[in-house]
Amino acid sequence: MKQSRRPVKKNHYNVGAPLAPWREALNVIIFGAETRAAKIFDVVLSIMIICSVLAVMLGSVNSLQERYTQWFFYSEWFFTLLFSVEYVLRLLSVRKPWLYCRSFFGIVDFLSIIPTYLSFLMPDIKYMLIARVLRLLRVFRILKLAEYMGEAQVLMYALSRSRQKILVFLYTVCTLVIVFGSLMYVVEGSESGFTSIPKSVYWAIVTLTTVGYGDIAPQTPLGQMIASSIMIMGYGIIAVPTGIYSAELMKVDKAADINNEACPDCGETGHDYDASYCKYCGHSLDA
Amino acid sequence: MKQSRRPVKKNHYNVGAPLAPWREALNVIIFGAETRAAKIFDVVLSIMIICSVLAVMLGSVNSLQERYTQWFFYSEWFFTLLFSVEYVLRLLSVRKPWLYCRSFFGIVDFLSIIPTYLSFLMPDIKYMLIARVLRLLRVFRILKLAEYMGEAQVLMYALSRSRQKILVFLYTVCTLVIVFGSLMYVVEGSESGFTSIPKSVYWAIVTLTTVGYGDIAPQTPLGQMIASSIMIMGYGIIAVPTGIYSAELMKVDKAADINNEACPDCGETGHDYDASYCKYCGHSLDA
Amino acid sequence: MKQSRRPVKKNHYNVGAPLAPWREALNVIIFGAETRAAKIFDVVLSIMIICSVLAVMLGSVNSLQERYTQWFFYSEWFFTLLFSVEYVLRLLSVRKPWLYCRSFFGIVDFLSIIPTYLSFLMPDIKYMLIARVLRLLRVFRILKLAEYMGEAQVLMYALSRSRQKILVFLYTVCTLVIVFGSLMYVVEGSESGFTSIPKSVYWAIVTLTTVGYGDIAPQTPLGQMIASSIMIMGYGIIAVPTGIYSAELMKVDKAADINNEACPDCGETGHDYDASYCKYCGHSLDA
Amino acid sequence: MKQSRRPVKKNHYNVGAPLAPWREALNVIIFGAETRAAKIFDVVLSIMIICSVLAVMLGSVNSLQERYTQWFFYSEWFFTLLFSVEYVLRLLSVRKPWLYCRSFFGIVDFLSIIPTYLSFLMPDIKYMLIARVLRLLRVFRILKLAEYMGEAQVLMYALSRSRQKILVFLYTVCTLVIVFGSLMYVVEGSESGFTSIPKSVYWAIVTLTTVGYGDIAPQTPLGQMIASSIMIMGYGIIAVPTGIYSAELMKVDKAADINNEACPDCGETGHDYDASYCKYCGHSLDA
């Protein structure tokens, strides 16, 4: 509700002098989200993206690939040509094509078609088609755009505000895993799988993050004692990012919730958004 | 305390014109929770449900099944017939039987008896009897109903208010596991168990959520580096839903703390505790 | 600081008519924590408890047991006799011996000596001696008692206030693991290790809590899809107890931090504990 | 922003009478961070530290060690001699060399060079060179020093304020794993890998912290039931440190939000933003 009041910001590459009428019309369909045609375009595009991602994923399963080789080959080219046409139309209808190409979604759109063309040279590269899944981010707008984007912005804003704290935390975690990894390399030796310091550091990350594959596990009593202390440390350390993020999110939430307009009579602020009268002096807030 | 003041809301299927006296009496026993008979009914029903769930669970253990085949067969039919009678009585005593059938508990009750009848056709379906455990949700009322239901409502309310944030979060997690899963498929190849993209995505979920079975684990140095970054990411990402939910729960809690005294002039409630004037009509709250 | 003002509550079994002088003196040493003798007693007892726990733990290691059989046998009897004497002295010096026997620490003390005597009948029972570690709880007082106990009380108070919410949460978790465990039993079958519903429920708990041993892991694509959804669910569900506890702890903390005494002039409350003057009207708060 | 106002505190070993001019100049370059020369020194030193840590890590990989033995040998001595020269220069330019030697960074610097010299006596000790990674902590200042250090101080301050609560929590965790570990030793026995109480305690830590390697896993139904309860406990217990830390961080954050304007009469700061009168002396804050 609160977010929907906020007007949807136009992308920088879509600001500028108007284009020829047919390109304007295309622009409204492809980049817009309000008209009926634009909504249908978004829904069809979403389905196409999901289908193409599923085709790439299933195409990597050997048993399916062997049985439906032809089918996967055709679907790959079908989606690639379809998205190529869409990419060209986007370039034609956007106001500043070059800015669009360099934008996040421009790059994602490009990565969604180019691997197929390059797969003649390098067959493995075609799995980069999975980048198509990122295109779905754009189609968030077919859901209630403003609200979801608003929520995502709150989450990102809280994240960016706690950036420094999180970097300090990540540096501490990195130092811990390097120091403890090396220690375990010396203590355990290669018999238990700690064959080198990089591998031991990998093990320390697996342990500290409480993932615990178990492909490498300490065997000696001393190694198990050190491992235990890493685990309990990791168990406690998880409190740090959670605490940082909770605290930040609560501040952001609170700031978004309180009306900062002052009462015209007593000058007090901090009124709720639904308040019509000052809660301190009773003066009308609307005048 | 606060919750117990709130009157227990009647279910929509139990509102309407009174029934014949014996059906009214049955209604009070089966759907009510205040009278002595209703309480005994609830306690006996709870015990029956727990026993029937235990019977289904133990009946799936081979060694027990072989020794007590007869016993499990009879118990299954005993509980099924018992719950069938109960289901019929519920239909007879409820005011709007058809609405009841389509309600959550109506469906659960139906699923608690039908698999046994269908098990002549499909033997495996009888394990759906485990749905009986959901019936216990109804019997929460034999504990201090209002309080527990009140707490559950607070938890659900906070969950539903953070719905949008959680959907944004889930979408991000899905995108991450698809992108990283595909990357690992290309990097690791089938020797380490990454035989297809869907399987690699499964591995990425196992890793990001810090479950870490270890049935599939990266073997190459590059794969282990990518895996390490997924783990640290997953370790940090867990802060997001926790932060969202903590912040929301705190707001809901605070809202419950708000002054429920109505304005003497306009009758509106929901004023802060430090408010001297009604924020809706400006009338003094103190008088 | 705040906690230390609070007088240390006397245990209910130590209230009553005074005893004979020598038993009073013993009481001060054994149950007290202020005198020099009481402090020495506590330190010596702590060391004895730690040594006895270590002896039981190391005595279970086969290689050590074989080499030092005699040593472990003597140490076990040494500590048992020592703690028996202490137990008798406690009974003699306490004001209400029977109440003490039934108190938490009375039972722990009893469990710390009885297994050795019973080990002639059942050899395995001697490992119950590990209950001695609980005795250390009492010796918290040799550290700055009041402060630590105060903190522990805050933690316990927040826990007991969120009891209902946590029970609702636990019931939800139990229902989820039973339903999903049964589903996996039907989907996966015994080849992947899901040999019975109880075992599948065990697997569901291992997965939902993100422990993930990997001794049982789904092999079929459908099973892995269900497992993925359980993991993501578990990853999100962990937010619930954390949110509940954080919110409760913050409320308890806040309540402990704010002075509820009203200003004698304007009647406003909510002053900090270090405030000497009302922050709203400037009147002295001390008068 | 808020943090950057705070002047960078001089280290205690760098306070005192001025030294000879060339040593003063050296001091500014080595211990300072404002001049151009000092910044270049910090950047070069950071790169050297990262390279030396990478060299030690890669030198532990067998395949690389075999191929580039010479290269690793020379790089080890190159970095050691380089850091030795730096260490001597630090001693020469610091005001109180002995205090510096005993400071945290003095010890880290010493540990960064001594293992190479000792490796003639004990070859394994050279992996202690990994301690060099801790030197990077000092070079935080080449990033925006004050801000990051400020954030780190907030995190540490919140940690130190919740110290007592965390110790109580750790003691509870230790008690739980010892009691449950011993229980599992008795229940499971050596066939499932629970060969001794210390090993069972190790398993309990692996399980409670949700790491779950799977190298030891319960096999008996009773053991799996106990393990399930430990897991659910561990899943809930993780809420405790997170709650503690979140609550503390929020209080510290709020304290940082407090009005730093001093009272015009008594000069005290730390008033709430809504305070109109000094809470210490009662003087008006607005005038």
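Observations
The chains carry the letters A, B, C and D, assigned in the order they are written, with residues numbered from 1 in each.
Going forward, contacts are C-beta pairs under 8 Å (C-beta built on N, C-alpha and C of every residue); 3 or more make two chains touch, one makes a residue touch a chain.
Protein identities per chain, from UniProt: A, B, C, D = Ion transporter.
Here the structure is a predicted model, which means the values were calculated and not measured.
In this entry, A-B is the pair from B-D, A-B or A-C that repeats the interface of A-D, since more than half of their contact pairs coincide by residue number.
The chain with its C-alpha centre at the largest distance from the centre of subunit C (Ion transporter) is A. Because subunit C (Ion transporter) and subunit D (Ion transporter) carry the same sequence, their contact can be compared by residue number, and under half of the numbers here are used by both. In whole angstrom, the spacing between the mean C-alpha positions of subunit C (Ion transporter) and subunit D (Ion transporter) is 29. Averaged C-alpha coordinates give centres for subunit B (Ion transporter) and subunit D (Ion transporter) that are 42 Å from one another.
Residue positions 198, 210-214, 238, 242, 244, 246, 250 of subunit D (Ion transporter) each touch two or more of the other chains.
Contacts from subunit C (Ion transporter) toward subunit D (Ion transporter) in the complex involve residues 53, 56-58, 60-62, 124, 127-128, 130-131, 133-134, 136-137, 140, 147-148, 151-152, 154-155, 158, 166, 170, 173, 198-199, 202, 205-206, 208-215, 238, 241-242, 244-246, 248-250, 253, 271-272, 274-284. Chain contact summary for the complex, subunit D (Ion transporter) toward subunit B (Ion transporter): residues 210-214, 242, 246.
Residues 164-165, 167-169, 171, 175, 178-179, 182, 185-186, 195-198, 201, 207, 210-214, 217, 221, 224-225, 227-228, 231-232, 234-236, 238-240, 242-244, 246-247, 250-251, 271-272, 274-284 of subunit B (Ion transporter) are the ones touching subunit A (Ion transporter) in the complex.
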